[in-house]
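These are the structures, in structure tokens.
Here come two complexes built around chain A, the first alongside chain B, the second alongside chain C.
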Partner chain A sequence: MTNIGPDVQVAAGTVATTPPTDPPEPAADVPGAPAGRPRAAWRMLLPSMTPWLATGLVLVAVIVVFGVVGPYLVGDPDAISDTGLSGPSAEHWLGTTQTGQDVLAQLAHATRGSLQIGLMVGVLATVLSAFFGIYGAYLGGFADEAFSLLSNVFLVIPGLPLVIVISGFVPRESRGLWTIAVVLALTSWAASARVLRAQTLSVRSRDYVAASRLSGEKPWRVIGVEILPNLLPVLASQFVYAVIAAILGEAGLSFLGLGASNSSTLGTMLFYAQNGFALPLGAWWWFVPPGLVIALFGMGLSLINFSIDEIINPRLKNARTARRRAKAARRRERRSATGTDGTAGTASTAQEVAR
Partner chain B sequence: MSYVLRKLGFYAVALWAAVTLNFLIPRLLPGNPVDIMLAKLQQRGGTVTPETREAYAALLGGDSTDSLLTQYGTYLNNLLHGDLGVSVTYFPTPVTEVIGTSMPWTVVLVGIATVLAATIGVLLGAFVGWRPGTWLDSLVPMTTLLAAVPYFWLALVLVYLLSRVLGWFPSQGGYDVVLDPGWSPEFIASAIEYGFVPALTIVIASIGGWLLGMRNMMVSTLSEDYVLTARAKGLPQGQILRNYAARNAVLPSIAGFAISLGFVVSGSVVTEQVFSYPGIGSRLLAAVTNNDYALMQGVFLFITLAVLGANLVVDLLYGLIDPRTRAKA
Partner chain C sequence: MTSVHVTDLTKDYTLRSGLRRTRLRAVDRVSFDLVPRRTVALVGESGSGKSTIAKLLTRMEKPTSGRIDVQLDDRTPVMGSVYQRHVQMVFQDPFASLNPFHTIEHHVARPLRIHHRTHDAASTHARVVEMLQRVNLEPAEQIALRRPHELSGGQRQRVAIARALAPGAQVLIADEPVSMLDVSIRLGVLNLLGRLQREDNLAVLYITHDLATARHFSDEILVLYRGRVVERGPADAVILDPHHDYTKLLALAAPDPERVGSVGGTRRGAARELPARDGIDNSVCYDHDLGDWVHVDDRERARA
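After this line comes the complex of A and B, so read on.
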């Protein structure tokens, strides 16, 4: 009974596929759900609300707000004081660094920096993978072979070592935010391109795409209007993965001191913590929060991606909804067997215990 | 047979691409690596003769009047003779020797950790996917947290907990420096003791991906008709799990090995820095901080070579387990 959301959404799904005059079966389970309201077909494209998705959305929203609004609320992250390496206290919620800088203030600014680079690389990598994956598969023939070979080659060449080598050759002064973003995007688009290519190949052979091509539509229109809408969930999930990969990759690079110069990200925070001997000095409040923010943000995005995966692969969703229907059916059976609602609760707990 | 040939051809192309990237990167990017390197070399007491300069120019480009194509020819020729130049950081050791002494550390560490993570992850994933809807499913969101944890941060936390607070394991290095590297039992025991936390880091950080992929494929496979048929025939549950569902569900995990291995290698390069592990990742970073471009290129080439080799082996094995890949060719 904690998740009333999913049942409502299941009802929505049933309404969209059956005539609206039929009262949908699962809706009987949810007293609050309006049975006959017409719903748009695009609702099918939206993920259904699950506790996991809610957790993911909350995690991502909290961290994004912290990164966007936080820097205005905290003090100067670079201001040094004489209270170096003090643990969490009322004055400094997350303690201070070796030079007495407030860790919370640094964390807010660093989160903003990491989100920024994650977004930049996410967009760049998705555009690259869409070009090589979708356009190649649409053209077919030699172009498809060439693009597919290119993405497979980029896939097997280990990304981070390549990024490290490139960053090593670029002089420190010309290593700006955009340089790092472009390098990270260039080394991380391949896996998504392969996924997109596979999806495009299956969409491309459908009749309405063939009809659109035969009627002389231009390639960009066939791709944009006929193919792309089918790929939106896949694109969205690949974008989310690209953002996670970018934030992780940038953190690794900055941790090694190879990140963008003058930037402040969660990776640079960890770099300073490592070089300020946070570990031997036992200053856990200095190096635990930045990594935790990365991990929780990544977890939030992955949980959102689970729900997107259920749209791409409906079997995952079917397994979940079938389970819920079976549970509901069992509950109804018991209810009719025991007669009154009052005993149903004890019967279900008895069943739980027996299981 | 043609499947094997196709795979060999692909990896030959990938190797060529890596070598060419290695050739082009220092030539296309700003900066003059040859001058920086020679300056470093002089600081370390090396003598810079015109021949040394020429050798580095062949490796890194720079003040050469030759066309790019001739440079490429010289570069490939040097590479074929195993001449990767002399390391500046570990002067006067040749790059190949530096790599030779550090490569086994990384290969053993990453190899064992990856095999362990893949085995445990796939087994757990099979069980979680086999019974969807039980309490096991609540494990799944936790694995996304593991998958999103930065390797090096997990390493820091583990070192803090296991080495500093509990004092169970040494926090730095790859072996007890008192011992001589060799095949003596004491040395191997010390290498295992020092390698435990790095390996644990890699296993914990990479297990989530395997578990998740396997779990999702299990859920998909369980709704296949052949699983239903097996159930209808009244086969024992264990047999359906092993021979019908898990066998088919594991295929994409194996096919996706290339992507996983790339991530693990990338992660372990940074992790080695935390532990000052004597592997190839630490060498790469030492090379980068010292502008040791020859070593940098050599290390990248060998990492790529190792990853490509591992992928080739897995791909050939895949052809053996899944007959469909051979039939398609």
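After this line comes the complex of A and C, so read on.
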């Protein structure tokens, strides 16, 4: 863990500029702690910097910045012009739609819409799963049975068909962003709740929870202060997963024409591209950018999630460290075999020790 | 000062296997008193009910029957939410009993704040440092800022003791407090407990499976076997002059270099003379104070 210090600072820096969707967010307020205070526990919660994590963070940061800042820099996405269905040019970097709207402007607004819905659903689903998973498991007994039955029922309900039915049932006028977010959150919290329940059951039975109850802590403090911090990596991972699922789910809904009525998201862009015969007309600049943004954002979040998984399951990390060590050892062997100078060898050993 | 009187404490657990339900009596009619400045040791093998008694005393479990009376010197009973201010516990595993996420200061400060021993941040911090110094954790200022994984097992157990004493507890239940520690630091922790007991007039229940430390550390020993007390009396009498078959077995099971030599050089030689386990009767108890055997049912009948 000794070598991650500066990298983590870098990560915290990117987090600060991209507030909403980043899971290591809670760590960002650590620097508020008095100087010289050990921050080992927070550090344990932060993933160690790997090329994968860096790629994921960069992808997510770029897309989030594009979604947050982009809409102010581009023109009106709905402005119609007579240069319909033209390819990328100096005037329209990503070309135009059938009705001459600028694709880049649309993409910026659509990215913002998708991020918004992803964040909303991520928060809602995490709160729901935390309540039913953690609280139920902490209470135990009848409440646990009831909550776990409820999440099992929600788990076996096929998600997308239900979402389609509900979205189709709600009249189009009242089908706002929040309706879609609530519908998506309601169908996606159950799996996380089960994971959190299992984890809580394990943490709850540890001695330090018994000890804090014994010293007279109130139940909400035992859950919030003693149990919850130990679940943060799991929560973060579930949150990231919920955001990916929400953005994909919303894109699917909008593509079917069942999305929020007055908003523009990546899904509605694809919907209009499909309706405007972008594919048969070969207008790739209309449907490739939104698809690519969805794919890259999902990929970035997944890469971040893999790094969070390493905190939850340190065995994954140990495997990676072992592989790296073996590689370094092989390299050293090769170097000493070819007979280069000894200083390089000692330098790499020193690096090894530092790790 | 606080004392505890335990009368006929019984705890049943219901075991479910499929539709069949069986009752397991983990603790059966156990009685003892914890008084200030004295240590009672509960000795017995795993599953004999030692830890269940600890859980019952700390109210982590409810007794099936029997009474636990905690009272002050003037006989006012201790009940409800102040119970935890008087009865505290040191857990067996110092690696599991401290939350890895929080600093040492948090662990000691919380009981102080919960039980209103201190009222603001500055006095809490001063008190935490004082508590850590009392359990020989120096430099206390720095240790307060550390997290459990930065301390050794012995240091952690000292933190656990400081936490248990922080509410001002007068009754301390020590559930195998040294069994997870290196042999070299066990005596240090036990001596610390002994010193704190003298300074604070604590009543201590020392739960262990180690007869040697039980004799070293306690005044009275209760030997538990399958939930029942099978022998009780002053520490030296129980260890040096065991009457019950199970106590003899425990005494023989402890490695003793002199005895091994006399039996022929092997531990197996010593083990062969142990009485057969099946024959051990846990319905009778030898009471060294009475100097006689007592049958569990007799005791009940005598009282009725």
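Following the convention adopted for this analysis, the second predicted complex is superposed on the first by the 290 of 355 C-alpha atoms of A that agree within 3 Å, B and C clash if a C-alpha of one lies under 4 Å from a C-alpha of the other, contacts with A are read in each partner's own complex, and residues count from 1 in each chain.
By our rule, a contact is a pair of C-beta atoms (placed from the backbone, for glycine too) under 8 Å apart; a residue touches a chain by one contact, two chains touch by 3 or more.
Please read all numbers here as calculations on a predicted model, not as lab measurements.
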{"item": "Superposed partners chain B and chain C on chain A - clash or fit", "value": "fit"}
{"item": "Residue contacts on chain A - larger count, chain B or chain C", "value": "B"}
{"item": "Contacts of A:318 with chain B and chain C, given as first, second, both or neither", "value": "first"}
{"item": "Which of chain B and chain C A:257 touches, first, second, both or neither", "value": "first"}
{"item": "Which of chain B and chain C A:226 touches, first, second, both or neither", "value": "second"}
{"item": "Contacts of A:211 with chain B and chain C, given as first, second, both or neither", "value": "second"}
{"item": "First (chain B), second (chain C), both or neither touched by A:88", "value": "neither"}
{"item": "Distance in angstrom between the closest Cα atoms of chain C and chain B, superposition on A", "value": "7"}
{"item": "Chain B-touching residues of chain A, taken from the complex the two chains share", "value": "52, 55, 149, 152-153, 155-162, 164-171, 174, 191, 244, 248-249, 251-252, 255-258, 270, 274, 279-280, 282, 284, 287-288, 290-291, 294-299, 301-303, 306, 309, 313, 315-316, 318-320, 323"}
{"item": "Touching residues (chain side chain B, partner chain A) in the complex", "value": "10-11, 13-14, 17-18, 21-22, 25-26, 29-31, 33, 132-133, 141, 144-145, 147-154, 156-157, 159-160, 164, 171, 216, 219-220, 222-223, 258-259, 261-262, 265-267, 269-270, 273-274, 284-285, 287-289, 291, 293, 296-297, 299-300, 303-304, 307-308, 311"}
{"item": "Contact footprint of chain A on chain C as seen in their complex", "value": "58, 60, 81, 84-85, 88-89, 91-93, 96-103, 110-111, 114-115, 145-147, 149-150, 160, 163, 166-167"}
{"item": "Residue ranges of chain A in contact with chain C within the complex", "value": "37-38, 40-41, 44, 206-208, 210-217, 225-226, 229-230"}
